[in-house]
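Below: the structure, in structure tokens.
Order of writing sets the labels: A, B, C and D. Residues in every chain begin at 1.
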Amino acid sequence: MSEITTVPFDDDKLKEECGIFGIFGHEDAATLTALGLHALQHRGQEASGIVSYDGENFLAHRALGLVDEIFNDPITIAKLKGDAAIGHNRYATTGGAGLRNVQPLYGDLSFGGFSVAHNGNLTNELTIREKLVERGSLFQSTTDTEVIIHLVALSKAATVVERLVDALKEIEGAYSLLAFSENQLIGVRDPNGFRPLALGRLGNSYILASETCAFDIIGAEFVRDIEPGEMVVITKEGIKSSRPLEPAQSRFCIFEYIYFARPDSDMNGKSVYEMRKRIGAMLAKESPCDVDLVVPVPDSGVPAALGFAEAANIPFELGIIRNHYVGRTFIEPTQSIRHLGVKMKHNANRALVNGKRIVLVDDSIVRGTTSRKIVEMMRAAGAKEVHMRISSPPSKYSCFYGIDTPSSNELLAHTHDLEAIAKYIGVDSLAYISIDGLYRAMGKNGRVANDPGYCDACFTGDYAVKLTDQVTYNCSGEKLDTRLHKVGGADD
Amino acid sequence: MSEITTVPFDDDKLKEECGIFGIFGHEDAATLTALGLHALQHRGQEASGIVSYDGENFLAHRALGLVDEIFNDPITIAKLKGDAAIGHNRYATTGGAGLRNVQPLYGDLSFGGFSVAHNGNLTNELTIREKLVERGSLFQSTTDTEVIIHLVALSKAATVVERLVDALKEIEGAYSLLAFSENQLIGVRDPNGFRPLALGRLGNSYILASETCAFDIIGAEFVRDIEPGEMVVITKEGIKSSRPLEPAQSRFCIFEYIYFARPDSDMNGKSVYEMRKRIGAMLAKESPCDVDLVVPVPDSGVPAALGFAEAANIPFELGIIRNHYVGRTFIEPTQSIRHLGVKMKHNANRALVNGKRIVLVDDSIVRGTTSRKIVEMMRAAGAKEVHMRISSPPSKYSCFYGIDTPSSNELLAHTHDLEAIAKYIGVDSLAYISIDGLYRAMGKNGRVANDPGYCDACFTGDYAVKLTDQVTYNCSGEKLDTRLHKVGGADD
Amino acid sequence: MSEITTVPFDDDKLKEECGIFGIFGHEDAATLTALGLHALQHRGQEASGIVSYDGENFLAHRALGLVDEIFNDPITIAKLKGDAAIGHNRYATTGGAGLRNVQPLYGDLSFGGFSVAHNGNLTNELTIREKLVERGSLFQSTTDTEVIIHLVALSKAATVVERLVDALKEIEGAYSLLAFSENQLIGVRDPNGFRPLALGRLGNSYILASETCAFDIIGAEFVRDIEPGEMVVITKEGIKSSRPLEPAQSRFCIFEYIYFARPDSDMNGKSVYEMRKRIGAMLAKESPCDVDLVVPVPDSGVPAALGFAEAANIPFELGIIRNHYVGRTFIEPTQSIRHLGVKMKHNANRALVNGKRIVLVDDSIVRGTTSRKIVEMMRAAGAKEVHMRISSPPSKYSCFYGIDTPSSNELLAHTHDLEAIAKYIGVDSLAYISIDGLYRAMGKNGRVANDPGYCDACFTGDYAVKLTDQVTYNCSGEKLDTRLHKVGGADD
Amino acid sequence: MSEITTVPFDDDKLKEECGIFGIFGHEDAATLTALGLHALQHRGQEASGIVSYDGENFLAHRALGLVDEIFNDPITIAKLKGDAAIGHNRYATTGGAGLRNVQPLYGDLSFGGFSVAHNGNLTNELTIREKLVERGSLFQSTTDTEVIIHLVALSKAATVVERLVDALKEIEGAYSLLAFSENQLIGVRDPNGFRPLALGRLGNSYILASETCAFDIIGAEFVRDIEPGEMVVITKEGIKSSRPLEPAQSRFCIFEYIYFARPDSDMNGKSVYEMRKRIGAMLAKESPCDVDLVVPVPDSGVPAALGFAEAANIPFELGIIRNHYVGRTFIEPTQSIRHLGVKMKHNANRALVNGKRIVLVDDSIVRGTTSRKIVEMMRAAGAKEVHMRISSPPSKYSCFYGIDTPSSNELLAHTHDLEAIAKYIGVDSLAYISIDGLYRAMGKNGRVANDPGYCDACFTGDYAVKLTDQVTYNCSGEKLDTRLHKVGGADD
């Protein structure tokens, strides 16, 4: 809060927790995986790893940092030999146990090496973990992903695929998963399909990735989305699809369209950029605003603002300029420096906004701290009126399906009503898109309560998968019924 | 050329060589200088330095890298004590001699410490340097800036200011200069005022900086531009202005408005953002284009594209998405990887451009390599027609006044006519703004040949200050008349 | 072989594989452990780690490098809070799987955290590991130590101590072990007592360490050796001793006295320095030599050479000078450099040895490469005669009890007889101490075949504990009867 | 003082300030220079540099650290192309201005590149520097060596050699100097020959180095010492000797024999090891001691202790064991740790000294802090009596000729008489060798007052070269007669 930081993503946004990428059957598997992870960097910025298989051994490199910091050494890449590899970007949540939690995880099982990269969050992980430790399993990390490997290790089924299915039957929650053993790359999405997973092809190689932008960077072709509950097994013989799990309602995360995904990705046949523009246009219709300029909050607010401006027929202008050179924590400010309100990331385009009535368009408000600063900056630059329009409904509830959300009492919309938020942010008027408006912009006739087609729990509190651990443990992982033994935090 | 790099600035643009910042009379002088340099990062990305004075000693830190890498250590900043400091960002030209060339330069002269930070380029530096070496002066760097310190050291005048004026009388070329001795901060612009220098104020402290965005980041107030040929001397008594040099025509670099400066800066009373929009609008009038979408080449082309779209009444759309996580050289590609045409920085917004006729708006074409790739990417994404409009006249001549330009035979517009450029780039049509159109967009009635009011030598070849070294040496610094002694390149 | 390296320990010596240190009940537990590990650095130079317990959490830091490189950061030490800690120095054998193998190992078991540091080598580790993987245990390292933790995890016994005893009953081989859970520090030596373990005290704290020199560095008092087969459990209530394992012959490694231990350590009531001098004296009696000077091969040969010189009444002189500034691989030499025979570590004291007849006294010959170079260096410096005396019997057999030995066909004495060795080394005469002479120097009446009292398998091939894995697997860990599945080598 | 450090050289010894090495005419010039500097590491441990010439350019690398840290990267060495190079090891005195002071220094003069490496200290440097700054010379470092380059730059003589002679005529003090220009390597010793410089040969290449051990490491042959006042110029045509400076008394530093030089070096036809043994023997005769054991203070005291033991016919024993793994500052101890008296570098050989009367033999006492600790350690280990014998006369006066000495009031022998020192150190008896005894051990009939043949100013205060700066400035470099301008300390 008090540092002057140049971290490029906004601290006051929800965070996608993971991006995954796997490729089977290409001589440059590790290099292509590194490039794919780079295209997926927005889905996890704190750590990355790649595991490859060279026909005899599994090779791995995992580290804290950005993809281009971790894999910029040709020696590192050269060690990751083989024509198959999986990779993972991680957004480490607080208290994450350092390097041992960086994925892909790996284990030597009785059938050979086995590696997993996971995007999502299991809602019964602690419950399973407790049982496994009780029976003598040793955990090397504190990630929920590791329970999957233990369950596979303990399955008595004959094949790797059957063992994995055994494991998946015990877990609950959100997962788009890559599993990797000696001769096969497996991709699977949970039955609700909370998180994305797409299939691509490059020559004779198959690729699985969180978003289609990871295909574009390497010139690969987008084939189709993996469907909710679908498992694909890629071997030298080709690709086989199956549906080994019980079907469930489709609940793809609607927030991927609003903020998480890259605008140039395609999800379920919909262009993310186009959806954002349509949401912006719907917002303009629902909550018009008599102003001189539409100003996007950079950079995520730009497509919605374009849609808003077009629909409202008001000029779209860059009233906020973003500094491109942002990357890390910079300076520990003294009290007198802090007092100056240093503007590391954004600056007002003073000549433009001075004397004007403006509407700021942004995708969401979490704690409201950044929004408040930006409104203040606009007023200091001479804006006559400052309005704000948000291209999502109010973020009121925590996500348990793979998005890092503050606890609900840190969510501004959980504790404040619209009027109070507007006052806190300091705007002349504030509007969010309605939940029905959001669904309409997505091409539906509003939200259908018993089967909405998307997960919107953060807006509605409608959790599609039961929260087993939430009943048994509190949010800190402490057992609610009996005292959980103290699990040590030893780490490097 | 062949690496996969994530360097955020485009390799195929002209490069501003320096940004400077100085502050006098603030207890956090070094921290504020680091912040100011961060706001000026676009003016030089390869090295930075700060020199402060704590009342007894001059303290310095210089290093290769970005500002937020060099000054992110609180210990480093804490050592730069004192209430006055100057700083410098450098874009190192090829062959630059490493750390010893990083500014601000510093010398212990007979009157005490003396430090200089310089934006610009001296056109008679080699000629002076040769004379100084002959008489026994030892050079520690290969920068032109060091001749200024030697000339000050050799002056017999009584005061530091008079010694500096003695030195300035011997040098030719472009300079916006900060000079710093025990009790004063001096700012001076060359008589033609090629490069910018602005005066700001923060409480009781004065600030000098290349651009006004460096005031905004710390909440300082913009007072006025330093005028061509003006020298200001800031001491505890306040600020004094003088004009010790012979007056000359005003020749401010017009390319600052087109590309170099940040859009949120104000130069000579003109908003850079607004000028870019006006140039884009003029371009639309001069060279209209019947298309479905106006697509900016990110990020520098955005304001001109907005102006173009408004004037032409064609939708403005983000047809190219830029990866925000770019920072360094990444992967040495194999031949098979290179073949894939990896897209590290940009990706086509395929869903948007597919089947559309588009016009790309960019600020300039240097070698044309990036333009060519972008056009190819647009066509691969399904664009039906791809046109290009450039918001500057053709870049035909090298700059000797502080901009890093390739030698003229690497400039595409020097060796190719419009038709040949269009063919090389691969566009359906290509147009540059005319030189008169550019001046008109700037508020003039076209270009006045004998006193244009701006330096536009890169477009017209009209060099306002004579090129002494160019007559005596060739471009590699080898003497043209007699063999120059071999100057050693020893460095760390 | 071909690099010019400055690694301080001789590549041509056998290597002790581990040093261990634990302390219970001192507020500076981690700092004292780091100091103790520093004193034990000679027992393992490639990696170190410390695990502490602060009353709530276990904290760990492990890294590759020397102790003073790993723990020289006050922040690192400060994080290792708590009044109990264990530490480990490791000499990584070839193929070691990087950071994950650095001890102390740690696991979250059902009763809480559990950490182990191990000096020795298990002879049935692969056999056990195979069974554990088969039943679903996941291994995080490739060290034999991890099977102990898994066995503890799987035991159904009620207390940590009983679980550990369950585990120890299944393992075979050499181990001096520290085990560490929430409220206790456990030390145990295998029934043969192959490797050392000593008990010390500092104020009210108990310490367990491989050698007494680790007590001296922190001013602790040496209490007594832990006995073969003894287990001590240290808690807040004090120390309790038991003997839970079946008794066996005492087989302490006799090579600890010859080379591995530090000369200032005390083992089993014998001063290592004094034993080395006595062995040197016995060697002089067995194999006298008519020369002018006794020259030790630095540094390990010095005490034996002193004993030799005194017994032979020949002047002891430093004929070989060792460079103190040695630390790392230095220069990749060109062919012409290699030809020069660069002397990084040793130099002849030419003025001293020129024209003299000398005897070199060293502790052992492994491959003979260093010995050969030193003899050649002595002759080049003008020595008239060069003899060699070795204070151990010929090293003929591999060790499986915790010492890193080359495979037996790399052992010069395995493949060559005395005369052939002398010729290879290039000496005028060569003698080793006899096996009986060695035992006599140790205070016995020669070696007693059926119960020698020490392990001397490397000289005699008499292995006291069966080599289970050796029967089942070959030396590379490949199963001899059926093909072992390929266990992947994924690592960071 | 309060850190627990593992720095391998004793903080309580005088420090040689520099080692130099140059080679002309060998294709591996830089590699051989790095190896030579490694052999000379004991003459300067804080920084190193190499400058080479490849026929067109001078190349340089300088850094803080040990030689094997700075030059262990093959890329670094590969850049230092050419068949001639000079190198320098530096012991940085307090306040040294970082990287800019690391030698060899280099300048581009009117005749081409010129580089200098200097062992010694100029006694009129500040006086000359002040004049040079006054006339406009810019200094890049704060070393005295730079004045030599400036004087060469300003000389109007025709050749580089003549210009260097011009410069040498103005400087006073101690210097063994390597100067290096395009086609020649020049070596020169000051007329008193304070510091050593030896000539070697490797094939057709000539080498100049501070000590002969730098020849041994690369298998080069020692030719002869350069004589006081001699200059040798090495070119492709061979080597030429001259004596361009006024002759003076021979005053080679006698402390080189006592402590600074490596024991395997030869200086002026005398073996350093043999001299140390003879001094030890003379010490035994002058100040015998009725004890059981002679114990050297490792490592520098060993040769004198051997000589002492032989002459006194008392057993020589390693009563103090030195830890080989020492390298850097290690741990910031807490108060309770400090209280333990941590023994990082030395440990008592308790079994040996317990109950014995011992005499410790050391080469010198500076502040006495280490001696005191060692005596205390011996007593704690049970020594019945602890005596000390020092193989140099009392160190009473500061050195101004290239040795780093504390100011005289920190020298224990300056402020305390023999009895007080013995009491402070805590010994039962203490004796230094007499000044005449020292000269006798060196082969003279005692010291001849008006022409002693050696510099012994640190014992006698007899300074052979006037201390010009000492008259004009105080020890902090502040001018004594008029106020010196504040010389800034700007540095990286």
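The definition used in the following text is that contacts are C-beta pairs under 8 Å (C-beta built on N, C-alpha and C of every residue); 3 or more make two chains touch, one makes a residue touch a chain.
For clarity, every value in this text was computed on a predicted model and none was experimentally measured.
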Taking each chain's centre as the mean of its CA atoms, which one is most distant from chain B?
C
Round to the nearest whole Å and give the separation of the Cα centres of chain C and chain D.
38
Quick one: chain A and chain D, Cα centre-to-centre, how many Å?
61
From the C-alpha centre of chain A to that of chain C, how far is it in Å?
49
Which pairs of chains touch each other in this structure?
A-B, A-C, B-D, C-D
Interfacial residue positions of chain B with respect to chain D in the complex
51, 53, 56-63, 99, 106-113, 115, 133-134, 136-140, 149-150, 153-154, 182, 485-492
Touching residues on chain D, where the partner in the complex is chain C
4, 6, 8-9, 27-28, 31-32, 34-35, 38-39, 41-42, 45, 66-69, 71-72, 74, 77, 202, 213, 216-219, 262-264, 266, 271, 273-274, 299, 302-303, 306, 310, 315-318, 321, 323-334, 336-337, 340-344, 347-352
